[in-house]
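In what follows, structures are represented as structure tokens.
Next come two complexes built around subunit A: one with subunit B, the other with subunit C.
Up next is the complex of A and B:
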């Protein structure tokens, strides 16, 4: 894997989606729908092929040479003592995995969009934004300089903003888009300040440079803790983690393929990638790691509870996404980087699948999203249901489905390698999350597809066209067999089941002992026991859900109705986070701004200046009155002035 | 061939203005053509000079220039015609040339009363602002600095909306007051230098390091110790520049003036004239008064941060979209000022880069606001909505300008703001954190502006408007293109600025040699000055 290969391949994979975005943006309105679709999906298909070549390059590279960087051009160079930033890219196992997820899942979602957006007149704009998103995401994962990563990070937020607000004549979509973007910008600022701390301490923003110099941070010291906490805040904003999570449910205002691509598979997992990428720093900041792990697992619980109380099909999946990302954040917080990344990959598959299958349902019911008005869809949407079920099994972690391997892997790691004295506590919370996941996953499936139709519209529902079914089916197969295939493969080549092959592939990146191949830990008795208990938790949740909701007229609020009233109320209103932010941040700022305009500016800033300037004008006007142009007036002024002068002189002399 | 290009740049618009006077006022096409040609020719020369100036300066000394010309002017007091172009002035001069071309094009596309007067004043302003950017002699600088106000006064007082009279008087009175303080400072420098060295000079390169006493001045009888003479002189300069930039609380001329001025004036007024304060601060205040600058940098940087946040809050509370852009400009000029007062390489480079970037952005924003006002007849945010479907091209241009305006990474302003904030962080982390709050607020008001105008269901006034004409698109295209291009490739700007900024930074820290201090790494403690 030579530098020039990396440069060429990276250039190619970045330029393809960018070219697609520009083409559709500039001339898309003149082209036929068919050509627009071809440009939009074709560019991603080409990028996917390049990504496959890049993966092959990494796999084929000899051990110890799995990572290569290339310098594309110098972004800024302010000389001695100044900022120096190059547009550099890195190809290594971690970025290769991300490339595959982004372009692979992205490609399927683009194909699906052709069908989903069939009747929308803004199709060129849509594909232009989608391609821009893929481009931004690729910048983010290929970047080898923190500043370039920040650029990709922000571009991702931009394309998310554009896509959430895609239906721009809907006021709710417009507000949701802005909220998402501002939250992201707050995260960006945290990243930027982390970058300042790093560059002031180390003197470079180049990521290989930062990682090489990581030992110069005192382990567990204040500086590294602050740096990592700021990085984590950036990650939380992007990954919708507590307390920066409120934008994600609102982001469901975007078209469903957008939710699948951005708010499930790729963008929201970028926070996990960021922490995994900066693991040499996080490994030296146990306090920040602990914070990350707690926020992750806390968000997982909170979002799981909320998911159970929501009745909008997309919002249920959105909260389940938040919950699953919480698990990934937990994993990278405890140093289980490979496990977190594995869950990221499988989650991208099954969550994109769930969103797209939900999209089929919404499409079939003409934009109905309320699960209380569904039910009984299995007769008309048989194929969609099968796919949805595959995703539900994977999400709930039913054995042998993809999610099972990744989730049990990270929980097991948490038990055996977790931080300090708390692994048992965190693990038990994890098992609780398993139960919760099983509950809300099967609740959704049962209320949407099973039971009796709740409205007449269900009878008229028609199965989605092939262009929307095939991508979903491919993902369904992957979510059913991906874990199994990888597991058997690792059994064959490494005689280790579970996530061995994936962890081994990533091991050149995560070289620190705490994050090495997991197989070692997972073969112990404790780990196996942990896996069994965790699986039992998942099955318990699924079984309970089946008992509660597998009936003719399931009540979506069956569980929440039994709890004390305050709790479901709290959960349904998303714990009132929107209101809290509104009261704590938005309103005071608006009030401050209004006070500035009404009081500070006119009374304090302007009054004096305005008075002086008006006085000048008035003085001029007053003096002008004496400029009559008449000799006799001027003569009298002279005589008067002379008189004053004489008198004044006499008075002064006489003293 | 040894052509005095800097003089050519100075005299070309002046000559064109003179030539205009022999053209009858009815020959409208000829008037327009001459104005556009003259500004374009000046731009071509300047851009060629900047593009070919290369890395290292040609003249020697602690403050050296890539191009310079020096002639005797008033020998008896040692005043010289000394003009020079270095890495700091280069890109700003290029911006200067560009915004005047833009102004000329805009005025030629609109039927304007008293067109001949307008064109003449525009060309005269260009000579004056170029003079401010090129002067190395303080007296010459002062001449251009004050001379600039004459054509500007007539432009602002004669063209624009009905509130222009009051706004213009406020601006002129305010600016002249500041300038007079600066004149006192220039004269005291001149005399102190004359007494100390025995030779009279207004030349910046001669006056470096001052010569003013650094002993605190004691007021007789009451025995109150005040600032040193050097500090007093610095404050005179600072007052003039702070009013011109402007910094809160010296800003109140800005929103009224921007609101009343016509767009053809605004592109060069907001795009360039307001940056001359920032430029002059770097050129004169930092190099002439190193000790005073280091004493006052904390306060000045704090004022800059206040400007950032105050401007953002004011922008947030406006209904008039032109005033929103005006206050956003105040906020962004605060960033530029913050960069200067950091006194380090990153901050000052960022400030110079941002002067150029912001000139491009603000010109585009004012043009867009003007188009919207022309089409819909209103600038009230509450009456505007849903333009995206009607004006898809304007939507796209406005989107890019908005993103550049809010400091989006990947757009031009990010390079400048990142460097500035890094510099501020090196001065003290609190400045960078507070400036970061300004970034978030900018995101809020800029997005609300863009979305409010473009999205949501259309309002009565926005029902039946058509998209921009191709010619308007051609005016906006280069601006928007530059926003993206300079975001992806900010390197060329930095390459030109960094050597000259290094010299200025060294001078600002009191090291009068090109070798400069050793900035080892990017350590938080900048050499010299930090208590």
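Up next is the complex of A and C:
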């Protein structure tokens, strides 16, 4: 794996989606729909092929040379001692995994979009945004310089904003897009401050340089804790973790392929990637790590409970995404980076699958999203249901489906490697999450596909066209067999059954003593016991769900109805976070703005800003008055100025 | 006598280095050829003259590139009259690229206006030759001659629209005030010569250094007057008054040309003379205050006056005055970073300003230029690509990333701060905040949907070459903002390569 190969391949993989985005943006409106589709999906197909080559390069590289950085061009160079920013890329197992997820799942979602957006007039705009998103995401994961990573980070937020607000005629979509963007910017600011602190302390923003200089931070010191906390806040905003999570459910206003691509498979997992990428820093900041782990598991519980109470099919999946990402954040918070990344990869597969299958349902019911009005769809949407079921099994962590391997692996680490004095406390919470996951996953499947149709519309539902079914089917096969294949492979090479191959592939990246599989052996008795208990939790949840909701007229609020009234009320209203933020942040700000308009502006601004602006304008008018158009005036200005200059220099000479 | 003896070009006498002026010679040759071709070209065929002139410019550009590699060690040629260095060649390249771009949008514009006469092309090449001589001038006399050469050509070009009173007025104003400025210039040169006994820049610098700590009043007066003459050419306040009137009156293709190339060439002379010949601390302390004042005055006057304009040509004229103020920061500050910052600024200004004026040029219709604010409203809905390109140029002129203009301002301001001239940088930052108002206002107008009852303006269709120029300048604006070091390295090497000793 030579530097020039990496440079060429990463140049290609970045240019292809960018070219697709530009082409569709600039000339898409005069091309036929067929050509626009071809450009949009073709560019991602090509990028996927390049990603496969890159993965092959990493796999084929000898041990100890699995990571290579390439310098594409120097962006900024302020000389010796000044800031130098190179457009550098790194190809290593970690970025290779991300590349495969982004381009692979991205490709299937693009193909799916061809069918889903068939009747939308803005198809060129849509594909141009989607390609821009893939490009931004690739910049983010390939970047070997923190500033370039931040550029990708911000571009991702931009394209997410554009895609959530894709149907800009809907006020709710515009508001949701704005909310997502503002929340993301809060994270961006944290990230930028972290970058400032790093560059002040180390003097470089190059990521290999930062990691090499990591020992210069006092372990557990204040500076490293602050830096890592800021990085974590950036990750929380992107990954919709508490307390910056409220934008994700609203983001479901975007087209369903967007939800699948951005808000399930790729963008929201960027926070997990960021923490995994910066593990040399996090390993030296145990306090920040503990904070990350607690926020992750807390979000997982909270989002799981909310998912159980929601009745909008996309919002249920959105909260389940939030919950699963909480688990990943928990994993990278306890140093189980490989396990977190493995769950990221399998989750991308089965969650994109669930979203796209839900998209089929919504499509068949003409934009109906309320699960109380569905039911009995299995007769008309047989194939979609099969695929959906595969995703549900994987999500619930039913043995031998993809989610089982990654989730049990992840929770196993929690028991042996968790933070604080009682790691098993967090583990027990994890088992509780397994029960919750089983409950809400099967609740969704049962209420949507089983039982009796709740509205007449269900009888008229028609199965999705092939272009929308094939991508879903491919993902369904992957979520059924990906984990199993890797598991069998792990057994063949005598490694841990759950995450062996994957952890071994990533081990060159996570080599520091405190991180990764090196620290813990999952094949110990405790770990096996943990796995069994966790699996039993998942099965318990699934079984309960089947008992409650597998009936003719399932009641989606069956569980919550039996609890004290306050609890379901809380969950249904998403623990009132939107209202709390509204009261704490939005209203005071609006009130402040009103007050500023009523008090500050007329009293102070008119004498301040307004005066400056008036003065500029007046000065402009004054200058214009001197612009008489008469040559004799112009000549006299020149003489006067020249005279003043000569006198000024002469006076200075005699000084 | 050998054959070579008959051909002085191939075996020149010692001290005459024909290669040192190769680009200028090629361009001057093109000038003569065009004059003769014009006599035998039928009026309908005059488009070919544009082709010939572009070929001449391309030849000169090729020669410039060749010279760039040849001039790795800077030296003076023609007995010290010219500097053969990368600094001059960098400026040459900017001038030649700008000239070629202007020539590409010219024939269409002239045809629409019924002005398609052959001498236009000859005059453009003549002016460009003068500018390149100015960029490489190593002696006060050459500076004067080069300025006269380029000025005379531009006087005629400003009045090229013979039937239009505005154009006549512009030419007359430019001529009279230009002659006035030449007087200052020449008087200043005479004083400097009288004091030092030299016209050659390197010898003047040596004479000042050998002067031994005393500064003569007459030398300072000469320097002040010389600055007045050059400040007129870069249209710095308070010598800017001609600029908006001439820019508005002259044919737009001519405005496009002179708003960029004259400024670039005059800045080359300014930097060469002031930063590198009069850089002696004793003298620098005394002229610095004038340039300091002029820089701030240009930034303030240019930006503030542009706020109240309603004609895009005048706005761009004032914006050019302000941009000149920013580049003057690089003259006031003597560090190398300031010089290469100014060079980068000149390149970025050239690209964006040519693009912005080219938009007006290519969209002008038979009757008028359509540069009023009212006629810009809703442009984006009828000419999306043109409006997008224009938006990019305005962003670059306003200094937004990721365009060239952001880094141009960044480098110049950073150089000022690095040289402990913080107030200068603050003036720059403050006035560029003001400038955002009128740049974005134009952008806003283009993207505002026109009311149904508003008169609709008859924008011309963009020709292939016109669209090509817009695409090239737009791409240049972006490339210089994304692949910064591409041009930056050349600018740094141009700064390193400036001739300091004869």
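Note that the second predicted complex is superposed on the first by the 595 of 655 C-alpha atoms of A that agree within 3 Å, B and C clash if a C-alpha of one lies under 4 Å from a C-alpha of the other, contacts with A are read in each partner's own complex, and residues count from 1 in each chain.
Please note the rule applied: contacts are C-beta pairs under 8 Å (C-beta built on N, C-alpha and C of every residue); 3 or more make two chains touch, one makes a residue touch a chain.
Bear in mind that the values here come from a model prediction, so they are computed numbers and not experimental data.
**Q** Of the partners subunit B and subunit C, which touch A:168 in the superposed model: first, second, both, neither?
**A** First partner only.
**Q** For A:616, select first, second, both or neither according to whether it touches subunit B, subunit C, the two together, or no partner.
**A** both
**Q** Taking the superposition as given, does A:484 touch the first partner, subunit B, the second, subunit C, both, or neither?
**A** Neither: A:484 stays clear of subunit B and subunit C.
**Q** Tell me which partner A:638 touches in the superposition: subunit B (first), subunit C (second), both or neither.
**A** A:638 sits against subunit C, while subunit B stays out of touch.
**Q** What is the contact status of A:624 with respect to subunit B (first) and subunit C (second): first, second, both, or neither?
**A** second
**Q** Would you check which partner chain A:311 touches, where first means subunit B only, second means subunit C only, and both and neither mean what they say?
**A** neither
**Q** Applying the document's definition of touch, where does A:75 land relative to subunit B and subunit C: first, second, both, or neither?
**A** both
**Q** In the superposed view, which residues of subunit A touch subunit B and also subunit C?
**A** On subunit A, the overlap between the subunit B and subunit C contacts is residues 73-79, 616-617.
**Q** Spell out the part of subunit A that touches subunit B in their complex, as residue ranges.
**A** Residue list for subunit A touching subunit B: 25, 29, 73-83, 147, 150-151, 153-155, 158, 165, 168-169, 171, 174, 177-178, 181-182, 185-186, 188-189, 192-193, 196, 199-200, 203, 589-590, 592-594, 596-597, 601, 604-606, 609-610, 612-614, 616-617.
**Q** For a test of understanding, state which residues of subunit B touch subunit A in their complex under the given definition.
**A** 166, 169-170, 173-174, 248-249, 251-253, 310, 313-314, 316-318, 344-346, 349, 386, 388-389, 392, 396, 403, 406, 408-410, 414-415, 418-419, 421-422, 425-426, 429, 432-433, 436, 439-441, 443-444, 447-448, 451, 454-457, 489-491, 494-495, 497-499, 501-502, 519-524
**Q** So in the complex, the part of subunit A that touches subunit C is made up of which residues?
**A** Of all residues in subunit A, those touching subunit C are 26, 73-79, 616-617, 619-621, 623-624, 626-627, 629, 631, 633-635, 637-638, 640-642, 645-646, 648-650, 652-654.
**Q** Enumerate the contact residues on subunit C facing subunit A in the complex.
**A** Where subunit C meets subunit A, its residues are 172-173, 176-177, 180-181, 184, 215-217, 220-221, 223-225, 227-228, 232, 238-239, 241-242, 244-245, 285-287, 289-290, 300-301, 304-309, 337, 385, 414, 434, 482-486, 488.
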